[in-house]
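These are the structures in question, set out in turn.
Shared between the two complexes below is chain A, which has chain B as its partner in the first and chain C in the second.
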Partner chain A sequence: MTPIELRRKTLFTLLGWAVALLLSFPLLWMVLTSFKSEAAAIARVPHLFFHPTLESFRVVQEQSNYLRFAWNSIVVSLGSTLLALLFAIPSAYTMAFSPTRRTRGTLLWMLSTKMMPSVGVLVPIYLIFRDTGLLDTRTGLLVVDAVGNLPIVIWMLYTFFKEVPREVLEAGRMDGAGPVREIYNLLLPLSLPGIVSTSLLATILAWNEAFWSLTLTAAKAAPLTAFIASFSSPQGLFYAKLSAASTMAIAPILVLGWVSQRQLVRGLTFGAVK
Partner chain B sequence: MTQHQPVLSGDQIATRPRGRLLLNVPAISVLFLWSIVPLCMTLWFSFRRYNLMEPTRTGFDGWGNYRYLLSDPGLGLAIWNTIFLLASILLITIGLGTLLAILFDQDFFGRGIARVLVLSPFFVMPTVSALLWKNMILHPENGLLAFLMRSVGLKPVDWFAVAPLTSIIVIVSWQWLPFAFLTLLTAVQSLDEERKEAARMDGAGAIAMFRYIIWPHLGRAVAATTMIETIFLLGIFAEIYVTSAGGPGFASTNLSFLIYRYVLMEYDIGGAAVAGLVAVLLANLLAFFLMRSFARNLDA
Partner chain C sequence: MATIELRQIRKSFGESEILRGIDLTIRDQELTVFVGPSGCGKSTLLRLIAGLEDSTAGDLLLDGQRINHVNPARRGLALVFQTYALYPHMSVADNMSFNLKLAGVPKEERERKVAEAARILNLEALLQRKPKELSGGQRQRVAIGRAIVRNPKVFLFDEPLSNLDASLRVRMRVELTRLHRQLRATTIYVTHDQVEAMTMADRIVVLQAGSVEQIGTPMELYRQPKNIFVAGFIGSPRMNFLSATLQQNTSSGTMIAFPDGATLHVPLISKSAQAGEKVTLGLRPEHAYLAENSVLAAKVQTVEHLGPESYLHLLSRYGEAMTVRVNGETTTKVDADISVGFDPGSLHLFDKSGLAFESPSMLTTGTGVSN
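After this line comes the complex of A and B, so read on.
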């Protein structure tokens, strides 16, 4: 490396890291605060060095039973992902391998149902849920999240399925495999990486979904998004506890996000950018 | 399958694809029901007297709910706020995202880790990021910004009272900048090195390079980002719910929050239904234009 190249690289290193630290600062600060005592957390002059304590994590669990909300989040996000896959796999399979003149239109129509703002259907869904006893149940929220993510899941799977060589499936068909066997024995193993990243994205979206969580659940089925929202009352001014609860709520999904960052672009732009 | 057996005769194979199309029926039915049934119900409620607090007062109300909503000073403001939020966030995320993408296209030490840091806000649930900003950064007493302003001798500002909409734009942009950045970065990196080299040989400076080589290549990524962000940002809700609660007055109420106010604060189903129709109409108008430009960018 010539001195000029090195100087250039050093300059970009400084710039890049300055931007990265600035943008992630609120999060880093939050994680740091979660290990502080409540007094240190609201000190007039913020402390950068302090005695770390796990006190806030313990208090959050004891006072508000954090694990119950976490369990709701896990059930709802994993359940909705499985349900969405169950409907999406046959659909994407059909459109990818037996395309007709209407396939493109169907795909765009599916996406357009996602453009419908959730609030537009809030009233009917709320009333249907109230009358069927689904209000404040995990099942109810799980179903709504699954349907909400369905268009995106279908689209993602469709772009991944398109890359599986047709000949392999056709060979299976010649051997007499029906659609179900064809999907189960051939397509799923061949497109496993695509299915995994689709599932990751669907899980992330369901985990972070806030609109339906806030409107359709209360004490019983509330997931973490709704639990954290309860800190918007003056309770939120207990900074160390707010930070501890938030850190626990985002940690698992942050890891999933980092793992899937590459496929995320492809998935969310429906293969338009890869 | 040990043996190669011709199980199907010729015309059976020909009828097979139709059987396969049936596999698309469950997903289509679910999405059809999801988009049509609630919409019809909303349409029905919009002509009814229906308040959960007054169960005896029911019946056909003609255009009553419509007149009531149109006279609500909150409606115009809510539509304006919805569009203003969307447009500002799109501009900020795509603008800054492009700059960031070009920066991260350069080689530097620890680039992978720095990129992970930049991406992180995208995976944070909206209620966490909104409360984090509201209480720990923007709070007029204990917020970090207040501390910084005090330490240079300025008087801290109550951001959610003075500039509620701007505060929300900052928070949501912070959450969505990573997505725009990552999409644009992927596009920038897929740009052919040789084309850049050729332009450089022709004496293209940094600005000319961006204007004529990089920017035209980003069209697809910009279209896709606009599309996805519009889908998710037309209905911004949680960020408003936990920070300003739509206030002061209606200053930071968008259509989503206006409908929420009607349903869960005033129990007015009829009024909420009309507002819901307005939201659907607005979304469809935008969807019509976006879908057309986005469909051109697909190889479906």
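After this line comes the complex of A and C, so read on.
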């Protein structure tokens, strides 16, 4: 390696680390703060070295039932992902293998719905939920999350399905496979890595979704995003407790993301690097 | 036992018409080859017969039954794809038995049929492997095995050898011909390679721009091409074409004149061609030879030695490129001035629209016996 190459490489490595640190700094700071005492947490000059305490976690757990919120989050994020896949797989299959002149437009239009702020449809959705008794139910939130993620899920599956050779499915058709068999026996096994990446992303998005969970749920169906929010306003700003609650809320999904980071990166950069 | 009949089959993709009214009968037990340049519609025609495409118009009949809207799997046809299209996540055995599994055939019978096909194709040792662990030729055989296991009425092959290297292609060609003799099933084989068409076919269908140019046995097409396209497409190296002018129609043939006024009597006639019309003279490289004082003088441009034979690439004195097959031991050098001889009976003549002139007595075949 020439000195210039070495310098280049070092520079890029440093730059990479700097960006990574910058991006994860708030998260790191939050985790650190969650182990501080309230006094240390609001100190004007931040303490880099401090006596770690689990006090905040204890209080948070005492004040609210973490497990109930976590269970709601799990049910809603996994359920919404399954529901989204249920609709997205046939849609993406149709668009990938029987495209028409309008397929491209349809895909773009679906994605464009994500550009509209959620609050734009708040009133109608709220009214529908009120009239159908879906307010503060896990089912309701699950449906809203699934519908919200549907464009991204369809779009991602579409790109993954496009990678499956059309002839393989045609061979299946010649062998007597109908659309359901074609999807189940051929398309799904062949695009499994893509489906896993897509599901992970959808799960993470649903887990982190705050707008609808704050507006559509209250006591019964509130997920972890609502759990964090409940620590922000009523008692003023108790940074340590808020941080502890946030840490508890993001811990499961963080672990999931960590375990599956390779899949996730592959899924997200798919199409860009091929 | 199966006969396929196509009646005025048309297919359009949007504005562009791919097939322009195809009438064709695929005879029982025959190996019919669809051949033509890329984009001529031969693969589309095959996919249409397979049921993977719908025709825009026309009727498709299998043993007299209209099957235009019958599900591909119910037509009883098996298609071998150019890319093999094996199921990558299944073993060879599973690839071959997938159809039977879907049809609800019991496990023992599936295994028996797979074993039998594997025996025919020499695949016994590979049954548990995945497609990615196989060579190109082995994958090809699995794809054929998948078709055999189904015991179809008709085998359809879509350029099955084009992904193989040259030597393997020759071997598979022989193997496929042998297989066809063994199974005696009606077979349609699509290729752009006229050598494959000539060597394998019982009957060839030459297609161009979505229309059938000619149907016939390989030797019929070789000896009596109906038009200039078929004449140029069938035979390798390609037929030589020389421009001339029709001077006079006689009862025994046609008198043509070359650009410098030299004339030649060709024993072929046309009902429509008129004196003064531009015509094209056709002469196959293998029907030409070196001669003294022929009407066709030329200069040697390159000499290709293939061993058993050599090809002389010439520039005729009328400025047209020609190829002549000569003895492998030829001593002819580049830049030599030579004269090309031929048997008049081996000549072909085409009118201005490219239609072939016919032999005055329909019995003569026009075979070249020169060289």
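Convention: the second predicted complex is superposed on the first by the 224 of 274 C-alpha atoms of A that agree within 3 Å, B and C clash if a C-alpha of one lies under 4 Å from a C-alpha of the other, contacts with A are read in each partner's own complex, and residues count from 1 in each chain.
In this text, contacts are C-beta pairs under 8 Å (C-beta built on N, C-alpha and C of every residue); 3 or more make two chains touch, one makes a residue touch a chain.
Given the structure is predicted, the values throughout are model-derived calculations rather than measurements.
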Per-residue contact with chain A, leading partner among chain C and chain B: B
Chain B versus chain C as contact partner of A:Pro3, first or second or both or neither: neither
Chain B versus chain C as contact partner of A:Met174, first or second or both or neither: both
Chain B versus chain C as contact partner of A:Ser232, first or second or both or neither: first
Contacts of A:Met110 with chain B and chain C, given as first, second, both or neither: first
Overlapping contact positions on chain A, where the chain C interface meets the chain B interface: 172-177
Complex contact set, residues of chain A against chain B: 9-10, 12-13, 15-17, 19-21, 23-24, 26-27, 29-30, 33, 42, 44-46, 87-88, 90-91, 93-95, 97-98, 100, 103-104, 106-108, 110-128, 147, 150-151, 154, 158, 172-177, 179, 204, 207-208, 210-211, 214-215, 224-226, 228-229, 231-232, 236-237, 239, 242-243, 246, 249-250, 253-254, 256-258, 261, 264-266, 268-274
Residues on chain C engaged by chain A in the complex (per definition of touch): 50-52, 72-74, 77-79, 81-83, 85-89, 98-99, 102-103, 146, 150
Residues of chain B that touch chain A when the two form their complex: 1, 4-5, 7-8, 16-17, 19-21, 23-24, 26-28, 30-31, 34-35, 37-39, 41-42, 45, 100, 103-104, 106-111, 113-129, 131-137, 142, 144, 147, 174, 177-179, 182-183, 186-187, 190, 220-221, 223-225, 228, 230-231, 234-235, 237-238, 241-243, 255-256, 259-260, 263-264, 269, 272-273, 275-277, 279-280, 282-284, 286-287, 290-291, 294-295, 297-300
Chain C-touching residues of chain A, taken from the complex the two chains share: 165, 167-168, 170-177, 181, 185-186, 189-190
